[in-house]
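Have a look at these structures, which come just after this line.
One chain, chain A, links the two complexes that follow: it is found with chain B in the first and with chain C in the second.
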Partner chain A sequence: MRRRQLISAWLFLSPFLILSGVFFIYPFLWATILAFYQTSGSLHSVFVGWSNFRFVLSDPEFFRALRNTTVFAAFSVFLQLPLSLGLALLLNSRKDRWKGFFRLILFSPHLVGPIFVGILFSVLFTARFGMINRFLHHVSGWGLDLRWLADPALVMPALVLTSLWMYVGFNMIYFLAGLQNVSEDLMDAARVDGAGPWQRFVNVIVPAIKPVALFVVIMSTIGSFQLFELPYALLNGTGGPDNAGLTIVMYLYQHAFESGDLGTGAAVGWILALIIFAISMAQIRISRGLESP
Partner chain B sequence: MRFPPGNAVLAILLTAFVAGVLVFGARQRMASEPPPDLEFVMFALNHYDDYSAAIAEFERRHGVRIQMQLVNNQALQSRLQSALMSGTRMPDIVEIEASMFGALTQGPLEGIGFHDLTDRIRKDGLMEDFIDSRLAMWTRDGRIFGIPHDIHPVMLAYRADILKEIGVDPAALDTWERFEAVAREHMVADLTGNGVTDRYAIDFSLSGLPELIDVLLPQAGVDVIDALGRPAFNREATVELFAWFLRQTQGPDRISFPAGWGQNLAKALSDGLILFLVAPDWRTHQIQTDNPRLAGSLKLMPLPAWEAGGRHTSTWGGSSLVIPKTARNPDLAWEFAKFLYLEKEFLPDRFRNTNIIPPARSAWDEPFLDDVHPFWEQPIGRRYADLAEDVPAVHPSPYRDYARNRLSTVFTRALRWARNNPGADPRDFIRAELTAAEADVWRRLDRNVFLAPPQGEAEQR
Partner chain C sequence: MSFNIFHALVLAAAAVYGALWFLRSDHGASANTFLRYALILAASFLVLAPFAWLVAATFKDPDVLNEYVFFPPLSEWSSDTLNFKNLRVLFEPRQTSAGTFTFWLFIFNSLFLACTQTGLQLFTSSMAGFALAKYSFRGSGLVLGFILGSMMIPPILLLAPVYMIIVNLGWIDSFLALIVPSAVSGYGIFLFRQAMLGVPKELLEAARVEGASEFRLYFSVALPLVRPMSGAFCLVAFLASWNNFIAPNVFLHSTHKLTLPVILQQYVGDYSSQYGVFLAGTLIAILPPVILFFLLQREFISGLTSGAVKG
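On to the complex of A and B.
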């Protein structure tokens, strides 16, 4: 009986183990080995030691990509998430049937995918004829010839605006779920004690949603550092003017798949993984530090 | 009798078994259909439509079956690269775009996944029929891997009706210096007096791609990568050209507007926001399709030269047929390639459907090129054919795309510098940026262990 249970357990685990082995463990190990080779596709490879890492860590384009990605991640955390939380608070205060309707409206941009959104916004951002410039000019008399995707100074704002439209509803859903943990009794007690809206937010709501908020911050940071499809579609497969929209994953893609050097791509992948790991650990430590008395 | 591990496991195993049987059955059914003799993949919709008649005739003459597949340009490059990287089977013959060639032929020469066509081209007497500058586009280390589909000479398309209205004679615009002067004086205008310029002379992008780097630099005799695989753009001619292009694209005296592509370009052209745009032969078909109401209003003229008596054309883009080494019948693929591109019976209709002149010299005397085009009201075939011999050479390299984008970065930085330093001379800044860009390209070239060192490297550096 025990042996049969053991066999059943392994049989149930086997799909996960096989898939993990094929799609995670093997590529993980192979990428580690590949990072020390220079390749031309997978058929030609030469051992180069640490050369790939030295090249990447001395390439100004890599640091440009790192800077762009970090700036984008900062906007994701400090602009997008507060907006998501604000929308969640607004929606949570509604108790009528329109709540579900607005939740769908705000979440639906996330459903269409970054490639579609990138192509859509590349048309909206067109100088002179695009809807965004037309709207700006109509409202303020200014901005008709703004070159969102051709001016290095405007590429990052364009990316941030596009990602705001796409992701603010997605993160809002997480915050909405977290707000269900807020005790109504505590809120009532705080109201009775004379606490204003801001004090209730800081002292009752924030502590209650902290686990969800930490999760959203970490996931948002990881997602930001893995940004690729949106700028790729928006900037037509390039890093944009003066590489203003070049991200780390796009840099990886250029080396691994456009240049065929999988080894350098693997090295970039490892550097990216270490960066994300370091940032995530820092975020968790900061969160624990805030919790301890 | 109970299944010992349980019903759930039984259900999973049965589902897996049924799925496997279905997949196996579908594969067996596919395998039982006779495969085509040639799988031909291409990326251009207008080519796909145009080749049908020629393919039907080839099939009839040779008793073979050819399967045509249309694949998006970027998807085609990705799939070919994946197949080349992994050594898996590719179509028997593929039409690729010029920008793909460098990426698909990187690595050691013996590792290139396409057949070397040099000896076939020579043996069939085609070396003299194709111009050298065009064969250069499909050559790597002296070996030719593609049979060219086109020449793509470049002219300027312009609003003849508006130029007539404002009293500008296009025949007088024989140099870019003259063009700039006339444009500034007569073409650029605020027609409504609201402070917003309503008319610019020409469509130039703000990234320098494609007009500056792909068209004007080669016209001026500057190539991004030379025939020996070396970066060749760090020259005084490039500095002068970049400074010139800066004047036309930024500042209060600019003469150009970046109209973009597609509907934006069509609107800019039909509104008269731009009067001129760069027009290789293939683009004229797009222009007439997107602007049917401008029939008779648009004309073509050769590019103004950089100096009196200089070159009046350039080239932009190109495609060719390559035969992957995994082709099942390379000899049949080669016969098909020659038939498709060179068989004279189909050239008139191909030209009428695409406006693209044939790639071979022997076809340039054909009478169909003298037909007056109903949209342009000019014999555009003859105009382009007359410029074909003068088309500059463009040399492929795995680093060509990187070098192009790096040059675009140089231009973008120069644009920003010019905006921050109005009226100042940007040449020293451009020189420094070009030197840094050249060093970046060399850095990537140097670390590639698969490429032989570019010839004359020591002299270059």
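On to the complex of A and C.
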């Protein structure tokens, strides 16, 4: 009967294997070849060697996009994740029957797709009448005329604020799950030994949540480097004033699907894949280095 | 600027915190609890404000949209300030080159695609996850490695070649272009494999002895045992499909086939002077995921984080 089980196992896997052959492995190989061709539309293509890569790597627009995307990723990791962890710590009380309720509220923005968030926030960021400027004005008496989406210097802050709204609660869920691994006995022991809140945080909580933290850092870096829909909707399909909101995937999309140059698109895709791979590897290595000092 | 409710709230909170700190003799424990709740409430307020604003913008008359930040004060509630004008315009039949359609059509398209994709992914992923978790055969490690590796490839890299495949298959402007490639999910297989590892072998053996087919073992024995994961995955898959923008935007052309994210992105331009209309559409577009989330929230939170915590 072993034979019957073996056949069943492969049959169970067959939908995945067939479809990922056609729509993943084959396109993946094709993307590699395509990166060396110049295409116009889906019919004409000419072999051009490395010149797609040369074009992209000498295009100031691409570096603009790379810089914007990197800045956004840095804000995600160094601003958004600490806020997520902070909220998780606030919410992680042993006896709190409101915990589930607030967890739902703080998570809820993640249910709204990035396109819908972009559309909503493009109105919230309006100068004078937008909710955000009115709120700023109410609290501080200043900021009613900030033109968030028209001023190159304010586009990135607007993107970061919007993504904070979307993702802080989402990543908080992961940190909350990680905090379940913190040993209460160890916390009590540290308290008895006179360790202050900061010492308890560094010596007890941080080691316990490290696996989750690494996972969240890597996922949010990968996600940040693939940012597309949010700025696309927020800036109405453009890179924003002075391309201040242009991301790598937007640059790819403009070349591949708006200008019809799929070859350059594939080259940008490969550069992006290599960047993501290199950063993820570096993050894993750094976290290993921190483990055994 | 004048003194207003925000300043009053901050001052009151600071006063209560100070009072708790000085008056109570519990080493500031109640003051800390108060501070915790104050911060959580402030965060919740910031999270909920855009939602409240969206609801208000949908039901406010277009003429008073900017007059009040949220809802008008109770004394000014009337059909002149609050009404269904935005929704009425949104659901008016619209003439396009391919015929006359209403907004219901786009809701239906989105629902149809999201339900189809979720159903297919649930079936193929749980089945493949079962195979990887409960059968030991040569090549299973390779398949798992391929799945994990494939998750590192940015999907956008494949979009250009997949677009050319779709053109060759003649699926441009067809729902097949969206349904078939996304009928499987590597992430889903990984989640179900993790969950199915916990299904006891003895249970499967017992069913085998009684003559159940291998498909029956998967469908009637293993699948019911991982119901929480199924619930979590349904929501993940539904959200991914419902909120998907790039694929429908690239593969679909005819107006009557578009999904909500694509059509609403167009409405932003079409209704730039009456933005209550596309805001009403946005409110409607975020309702189905919210409803599904509240039905499945318990499964969702545990399922979502299980992969990350187990490592």
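Please note the rule applied: the second predicted complex is superposed on the first by the 291 of 293 C-alpha atoms of A that agree within 3 Å, B and C clash if a C-alpha of one lies under 4 Å from a C-alpha of the other, contacts with A are read in each partner's own complex, and residues count from 1 in each chain.
As a convention for this text, a contact is a pair of C-beta atoms (placed from the backbone, for glycine too) under 8 Å apart; a residue touches a chain by one contact, two chains touch by 3 or more.
Remember, it's a predicted structure, so these values are computed and weren't measured experimentally.
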{"item": "Fit-or-clash call for chain B and chain C when the two complexes are aligned on chain A", "value": "clash"}
{"item": "Touched partner set for A:A127, first chain B, second chain C, both or neither", "value": "first"}
{"item": "Contacts of A:F12 with chain B and chain C, given as first, second, both or neither", "value": "both"}
{"item": "First (chain B), second (chain C), both or neither touched by A:G260", "value": "first"}
{"item": "Touching partner for A:W198 - first (chain B), second (chain C), both, neither", "value": "neither"}
{"item": "Partner chain(s) touched by A:G237 [first = chain B, second = chain C, both, neither]", "value": "both"}
{"item": "Chain B versus chain C as contact partner of A:F28, first or second or both or neither", "value": "second"}
{"item": "Partner touching more residues of chain A, whether chain B or chain C", "value": "C"}
{"item": "First, second, both or neither for A:Q38, with chain B first and chain C second", "value": "first"}
{"item": "Shared chain A contacts, counted only where both chain B and chain C touch the same residue", "value": "4, 8, 12, 42, 129, 237, 257, 262"}
{"item": "Residues on chain B engaged by chain A in the complex (per definition of touch)", "value": "4-6, 9, 74, 78, 81, 84-87, 103, 106-108, 111, 196, 205-207, 258, 260, 263-264, 267, 273, 398, 401-402, 405, 408-409, 412-413, 416, 440, 447-450"}
{"item": "Touch list for chain A against partner chain C, complex", "value": "1, 4-6, 8-10, 12-13, 15-17, 19-20, 22-24, 26-28, 30-31, 34, 42, 87, 90-91, 93, 102-109, 111-116, 119-124, 129, 131, 134-135, 137-142, 165, 168-169, 173-174, 176-178, 180-181, 211-212, 215-216, 222, 225-226, 228-229, 232-233, 236-237, 249, 252-253, 256-257, 262, 265-266, 269-270, 272-273, 276-277, 280"}
{"item": "Residues on chain A engaged by chain B in the complex (per definition of touch)", "value": "4, 7-8, 11-12, 38, 40-44, 46, 48, 51, 55, 60-61, 126-129, 144, 147, 150-152, 237-239, 241-243, 257-260, 262"}
{"item": "Chain C residues within the chain A interface of the complex", "value": "1, 4, 6-7, 36, 39-40, 43-44, 46-51, 53-54, 57, 66, 69, 124-125, 127-128, 130-132, 135, 137, 140, 143, 150, 152-165, 167, 180-181, 183-184, 186, 189, 208, 214-215, 218, 239, 242-246, 250, 261, 264-265, 268-269, 275, 278-279, 282, 285-286, 289-290, 293-294, 297, 301, 304-305, 308-309, 311"}
